[in-house]
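Got some structures for you, see below.
In what follows, chain A forms one complex with chain B and a second complex with chain C.
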Partner chain A sequence: MDTDALLSYNWAIMAPEFTILGVATLLSVLDLFMGKNTSRRPLLWMALAGVAVAMAFVFAELDTDVTSILHDTYRLDFFSKAFKILLLLGGFLVLLLAADYRKKELQEYRGEFYYLFLTALLGAMIMASSADMITLFVGLELLSLSSYILAGIRKKSGKSNESAFKYVVSGGIATAITLFGMSYIFGLTGQTNLFDVVETLQEPVLLEHSFLLVFAFFMTFIGLSFKIAAAPFHMWAPDVYEGAPIPVTAFLSVVSKTAGFIILLRFILLTFIAAAGIDRDPLLVQVQPYVIVLAAATMILGNLGALRQRNIKRLFAYSSVAQAGYILVPFVSNSTQVFELIWFYLLAYIVMNIGAFACLQTLTRDAGSNDVSIFRGLFSRSPWLASAMTIFLLSLAGIPATAGFAGKFGIFMGALGPEPGHYVLAGIMMLMTLVSYVYYFNIIGLMFFRSGGTGGRRISIAPSIGAVLVFCAIATIGLGIMPNIALDFFFGQFDVNEFFMNTGHNH
Partner chain B sequence: MLQNAWLIPLFPLLSFIVLTAFRRHTGRLAAVIGLAATGASLLMALMVFAEQWQGNSFKAEITWLEIGDKIITMGYEVNPLNALMLVIVTLVSFLVHLYSKGYMEGDSRISVFYAYLGLFTFAMLGLVLSPNLLQVYIFWELVGLGSFLLIGYYYFKPEAKAAAKKAFIMTRIGDVGLFIGIILLFWQTGSFEYDEIFKAVANQEISQTMITLTALLVFVGAIGKSGQLPLHTWLPDAMEGPTPVSALIHAATMVAAGVYLVASAFPLFEASQTALTTVAAVGGATAIFAASIGLMQKDIKRVLAYSTVSQLGYMMLALGSAGYTAGIFHLTTHAFFKALLFLAAGSVIHAVHTQNIEEMGGLWKKLRLTGPLFLIGALAISGFPLLSGFFSKDEILAAVYADGRYGLFVLALIAAFMTSFYMFRLFFMVFSGQPRSKQDGVHESGWTMTLPMIVLGVLAVVAGYVNTPWFGTFLNDYLAQGPVELAHEHHGPLWIPIAATTVSLLGILLAYLMYAKKSLSRDWLSRSFPSVSDIIYNKWFVDEAYEATFIKGTKAASCGGTLIDRYIVEGAAEGTVSAVQLLAKSGNKVQDGKVQTYGTVVILGLAVIFAVVALTGGYFS
Partner chain C sequence: MSSMLLTLLIFSPLLSVLILLFVPSDDEKTLKMTGVLGALLPLIAAVTAFTAFDTAESGVQLEEVYQWITYEVFQANGELNYSIQYHIGADGLSMILILLTAFIAFLASIASFSIKEKLKSFYILFFILELGMLGVFSAQNLFLFFVFFELTLVPMFFLIGRYGYLNREKAAWSFLIYNGIGSAILLIAFVALFMKSGSMAFDQLKAVFALPEADLKEMYLTENFRMGILIAILAAFAVKLPVVPLHTWMLRVHAEAHPAIVMIHSGILLKIGAYGMIRFGLGIFPEEFKSLAGVIAVLGVVNLLYGAFLALSQSDMKKVLAYSSVSHMGIVLIGLAALNEYGIQGAVFQTVSHGLISALLFFLVGVLYNRRGSSQLHDFGGLASQMPVAAGLLLAGGLASLGLPGMSGFISEFMAFLGLFEVMPVTAAVGTIGLILTAVYVLRAVLGVTFGRVKREGTVYGADMTAAERFPAFMLLAAIIIIGCYPALLSGLLGATLESIKLGLGG
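Coming up: the complex of A and B.
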């Protein structure tokens, strides 16, 4: 690769990533030069501005055709744009949460928090835009390493340390498994570029090694499912979520999970779409029963686990495991709908879950406890907060007229739609939704039907949290009543062929 | 007017939003806001009904969601059935709003109460206006939410909290069935629209098995909402809510939604004999089962609750016997007289501050208006001649008989007997004789409470005349304009109304003998019912007869019903709960906080998958 080739690339398409990278670098330098006692608040505004500018760049790129540079290690297609919007939206909202997080506790490491947050986001964005195993892995690790530190950012808290430690160890195992799987694929094809991998996999010689390919599928699938906290890689979630500060928990359960689904979609669908499994049946059809079992197990473990939790952060950890199970359902049916269903559900999930975490953060700080009883009598103490939380809980439970319902409904229909319909899986999803009512409505019951709580005093809501609450509540209801707003946008831009289109790269 | 029908649900919604937003500032204004909103809805509903009466229907919809090539719409429609429902719902809701102004006087959370009422009314009206099953389902859930909030309104009472939760979970079980039924229908017909589904059914585009299956699943939803066997247990518990709520939700409107759903989807049910038989059998069994439990209850509202379950069973029985008009007719009359009974019961509770009928008695003279109004309601529900319940019950019995379901016909007659018996047991225990406990400062309620009762009282008397064998079958002709083909009007043999009247009077008589004769002055009764008192003169004969048969018989029946209820139905429900809890417990055991375990689980999971793949993939063969 010479300088001319480098200069000939259309670098402009990487503008969102450059923005985040630039702001992250700037923040780290500024942090060094700022006095020890200077407020780190300006860094927050810069981080927010950076995310907003990156978002603006993504929107400006919407009409750009599929482009790829650097030998397809960086792609700009609608898949990457649509999912980057989700990442940046989630990132922006989580930063707003962090703006209010116990000011005193975060004082000493405020600076780190912001630029580590941005590098994590950058990693996720790279994953959305890459079609090469090496860059995908680099993005994944950038996200992971930054998140490990974020989980342990409350240096003096034992819980936070424990959380970070467990996260590192589990993440290490996941990385090892993923890499091992990827090495199989590289070993079989000699390629790292996913489009080349797809082509090479068609060679007759490789069909004899389809067994290894199936193994590679499971290793990468399970390794990558660590990020989305799906079974059997879900157990770290409650422990890590519990110890991490709430903005980080929100980041892990929403943005990082979105990134996990992005890499799953990109890597698994692209690599194995045309691959043959054992006996030359399509591989993705062959592994379907296993994916069904994993999705079902995730839903069951998540929902049943949440039933007995009294710690609200653990409860939401299990709830987020269950939600990951729902989002895995579209993977099972090999239809092109998988993109729209997952994209829409993730969008709904971002607004409802971050909204819920905004409430949690306000309440846990107010009460100084993580016990579920902090919701007692919330409606009489703070009706607006209680109403907002109710909206988010109803949406998480999938009650009609909320975004969660529209998303779940689509997934449900998607599972039954193509022949043969996955009745068992849809049935389990329905049943587990029913189970989830118990713990979601338990919280609603506490808010409305219990008195007491912390001495009946009113709760003050910080402006940044208020903004998050209002935005998320409106979006949750709006997407529930008019899901078409989001879906029209998606359909107006999305072309499934783009995802599989091999462009501008030379052999 | 019909084009503007969509505004009807919006008024209560507006009231809900305003009352929630300004709950700290509305105070006494809350009732006014609620009344204005439901009043506006009532006016519009009446206008829509008047226009609909002339035979106009209307439907409008917009695209809501596209899934693949399937288009899902949202909209509203006005047809004969739902125009009638609109009037019933808005009228009862309006009256309950008015009544609550008096009943809930002094409650510090009055604006919350009115807000919930508004939310519920909005959802119920939305449900009624829905032109497709998906929209029905959405409002169906919202209605459940409103009911949940209102049952738990007295949240400081643990029973109320438990009841709210139970109601929500129990009806959800039915809703799952309904949802699966709706989805199946969608995949069979490609639409949620009633019209499209009926067309597909008529053109035999769906297999017979599928029709039966989907109809039964939809019926499961109706069972949950309408408190039919075996999902009825939540309804009596739901009486923990404020009494006006019981009148509105758990008597007149929401619980009738199950019946309404079966009626709206009637062409689907008609296409399957199995489905109709199931509906009829469940309805008939519920009618007699709930009535038998009602015989022994001591809480005034619980008697009425079991009575509601039983009457809803009647309506299902009618629909299952192809008596479409009969079912709707009874739904209408029942809405009036049962709401009346609940409001009157509320007035009694308001006066004596207890719900236990053992502690009441002798209230006839003290509650000059409530007493006669309760009596009207009791007579109407018992099928006393020339009151509304008489005509609608007669219609049902005729339909069941015409359909050749003689076994169910007998059951229905027995249930009618029990109904009049327990209603008058209630009446005599509450109003006749001497007070059985200290009653201080008992006085009649204010006009806001009595006026709604008077309106309902008038309706409970005259509502029956919309469909009689003598004056004309207006209701039947009116409903015949709708999507349901009404084959014929059932006018059974003359002996049916006579038999019905006889059992009803026998029930009243028995109740009198048991609960009033010892303590009630004879001449009051002979003035009111001169003919009855003559028969009663031979009391020793009847006394001995019922000592030997009825008391033991009814006790056994009632005990049996209660036992089944307590041990089998509740047992099954609790068994499921503890099974889930147990699973959850064992799942959490693995979650021991050790990161080694977590890693092991992952590797084990992977190993199991590999082993299964290797074994099933023939790697070793």
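Coming up: the complex of A and C.
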């Protein structure tokens, strides 16, 4: 590669990534030279501004045609743009949560927190734009390594250390499994570019070895399901969520999970879409029953696990496992709606879950405890906070007129639409939604039916948290009543062929 | 503007919610006034809508259709749009139930005066509930119906759990879980219908399912599919109605919730079950409904007899009334199963009539409970000597309940049985035993309370009913007698709707 070629690339399409990278670098340098006792607050505003500018770049790029640079490793299509919007939105809201996080220890390491956060976000964004196994993996690792440190950022807290350690070990295993699976694909095709892989997989000689491909599918799928906390790799979630500071927990359960779904869609769907499995049947149809079992198991384990939790962070960990199970349903139902359904549900999930975490953060700090009883009598102490939390919980439970319902409704459409309909899977999802009523409404019940709590004291809500709450509540209700605001945006630009066709070369 | 009339009607309770938000929660007088005026508003709107309604014309009137949500689904043969409209309107059946809802909700808002604490949130929830109920009866597509249907679930959960008697929370939970199961089944059935037929609007669904068998097969709408969906829909509404053995939640709610809530619950919410069966069961699947008629008739008789027998052995007045509701809902099923004009008309009449009668009786029991702190039969007696007005009303309500000619209960029972005798004389004959039992349990309860000795020496019931208590009771009684003496009031409204149902049944 000579300089001319390098210069000829349309680097402008990477503007969002460069913004985040630049801000992260700047922050790390600034943090280094700032005095020990200087407030790190300006760093927060810079990080927020960086995310906002990156978001603006993504929107500015909306009309850009499909472009791919760097030998097709980096690709800007609507898929990547749509999901980057989700990542940046989630990242922005989580940063606002962090603005109010006052645990002393975090204060000490604040600078680190901000730039690690940004590098994690950068990793996720690279994943959204990758069309090559190498870049996908680099993005995945950048996200993972940054999150490992974030989970353990409260250095002096035993829980936080435990959380980080468990995360590193199980994350490492999952990554190894993914990589192992990818090596099979490389071994079979000799390609790392996903579009080339798809093409090579059509060669007759490879059809004789399709069992290896099925094996590769399982390895990569299971390895990647770690990031979304789906069964069988879900057990890290409760422990890590419990130990990590709440902004990090929110990041893991929302942004990192979104990134997990991005890589699942991009890698699994693209690679295996036309691949033949054993006996030359389409591979994705062949493995469908197993993925259905995984999705069902994720929903069941998440929801039943959440039932028994007293610790609110663990409860939300299980709840997020359950939500991942719901989002897997369109993935397995082989519907062409899979992109819109997952995108919309993730959007809904971002606003409702970060909203809930904003409430959690305020409450756990106020009460100094993570027990679910901190919700007791919240309505009489702080009616607005209780009402906001109720909106988020209703949305998580999938009650109509909330974003969660609109998302779930779409998922049902995807599951029951194509012939033959997945009635059993839809039934399990519905049943598990009912189970989730028990723990979500239990919290609502504590807020409204019980009295007590911390001595009738009023709870003060920090301005940044207040902003998150208001935004998330309005978005949750707004997307519930007018889901078309988001859906039309998606349908207006999305083209399923664009995702699967290697167009937009730039060399 | 008459074209917006129904929308204004449905959402008129929201205005009161907004006003209530600004009323201080300790200003009891203003709260009560806002509550009553707020409930009067939908009543006025409903009457206005009624005057704009042309009873002679068949079909849906006052229609409003707006595009709402569109899902684009990519398919092999091009793109397919699944769109959902905001589609409301009213035919005769809807109009009757809308009037009933507005009427009973207005009276219940007065009956709520006995609530001393947390009145503000009570009225807020109350109005959201009313919005949901009005919406359920006006919705003209499945999606909208479901949204409103679920919208009644959440405020009702709070209303039961926060206001009421000792075990109210348990009652709220069983309400939530049972109705949640019902909604779950309903949602799956609705989505499956939507995806297979491509539409959610009632009129379009009706048209689709009236197509010849060969066309239906082509759309994957096989006989098994249709039967499955019908059974799912009937099962979902059987929870709501309720049909034995799915009735236990309803007993708890009736025994534990506040009388004003029970008025609404037994007066209107149970009627959604009957409405759903008529609208979706009979309306969309007339052929399949026919083949299930025998089963439904037997279930109806079981309900009738089971409720009556158990009402006979209850010692708590609220339980007597609750079982009596179970029993009376059996008559709705009996009427539906007859599948002829008399039967269906009887079912609708019973729906309305029971709404009024049970609202009256539960209200009176609430009045007595306030004075005596108990609703056990053995705590009462000789009421007529101390509270002549209350005793008189109770007696009148009891007589209406057992079907005294000249009151609404008589007409509905008479017609339902007339209908069933025509087609299933044996089942109908068994059912008539229930009518005798009804007379026995009603008289046992009512006479024991009104006449006889004042039990426990020195019992003082306190003052007779106040003006605020008399008003709802007399209004209800007036409605019962008017319908009883002049049933053409209802049948005139219903005529055109019945015609179209009969058309579906093949004359």
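Just so it is clear, the second predicted complex is superposed on the first by the 502 of 507 C-alpha atoms of A that agree within 3 Å, B and C clash if a C-alpha of one lies under 4 Å from a C-alpha of the other, contacts with A are read in each partner's own complex, and residues count from 1 in each chain.
To be clear about the criterion, a residue touches a chain if its C-beta (ideal position, glycine included) is under 8 Å from a C-beta of that chain, and two chains touch if they have at least 3 such contacts.
Only a predicted model underlies this, so the values are computations on that prediction, with no experimental measurement involved.
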Are chain B and chain C a fit on chain A, or do they clash, once the structures share the same frame?
-> clash
Touched partner set for A:L416, first chain B, second chain C, both or neither | both
Would you check which partner chain A:V496 touches, where first means chain B only, second means chain C only, and both and neither mean what they say?
-> second
Name the contact category of A:L434: first (chain B only), second (chain C only), both, or neither.
-> both
With the two complexes superposed on chain A, say which partner A:I399 touches: chain B (first), chain C (second), both, or neither.
-> both
Who touches more of chain A, chain B or chain C?
-> B
Would you sort A:G325 into first (chain B), second (chain C), both or neither based on which partner it touches?
-> neither
Figure out whether A:L304 sits in contact with chain B (first) or chain C (second), or with both, or with neither.
-> first
Determine, under the contact definition given at the top, whether A:Q337 touches first (chain B), second (chain C), both, or neither.
-> both
Thinking of the overlay built on chain A, is A:F449 touched by chain B (first), by chain C (second), by both, or by neither?
-> both
Kindly classify A:I222 by the partners it touches after superposition: chain B alone (first), chain C alone (second), both, or neither?
-> first
Residue overlap on chain A between the chain B interface and the chain C interface 337, 394, 399-401, 405-406, 410, 412-413, 416-417, 421, 427, 430-431, 434, 437-438, 441, 445, 448-449, 483-484, 487, 491
Under the touch definition given earlier, write down the residues of chain A that touch chain C in their complex.
-> 335-337, 340, 379, 394, 399-401, 405-406, 409-410, 412-413, 416-417, 419, 421, 423, 426-427, 430-431, 433-434, 437-438, 441, 445, 448-449, 483-484, 487-488, 491, 496
Given the complex with chain A, which residues does chain B contribute to the contact?
-> 20, 23, 63-68, 137-139, 141-142, 145, 149, 152, 155-156, 160-161, 164-165, 168-169, 172-173, 176, 179-180, 183, 186-187, 580-581, 583-585, 587-588, 590-591, 593, 595, 597-599, 601-606, 609-610, 612-613, 617-619
Spell out the residues on chain A that touch chain B in their complex, using ranges where they run on.
-> 165-166, 169-170, 173-174, 177, 211, 214-215, 218-219, 222, 231-233, 235-236, 238-239, 278-279, 290, 301, 304-305, 307-308, 337, 383, 387, 394, 399-401, 405-406, 410, 412-414, 416-417, 421, 427, 430-431, 434-435, 437-438, 441, 445, 448-451, 482-484, 487, 491
Touch list for chain C against partner chain A, complex | 68-75, 82, 121, 143, 146-148, 150-151, 153-154, 157-158, 161-162, 169, 172-173, 176-177, 180-181, 184-185, 187-188, 191-192, 194-195, 220
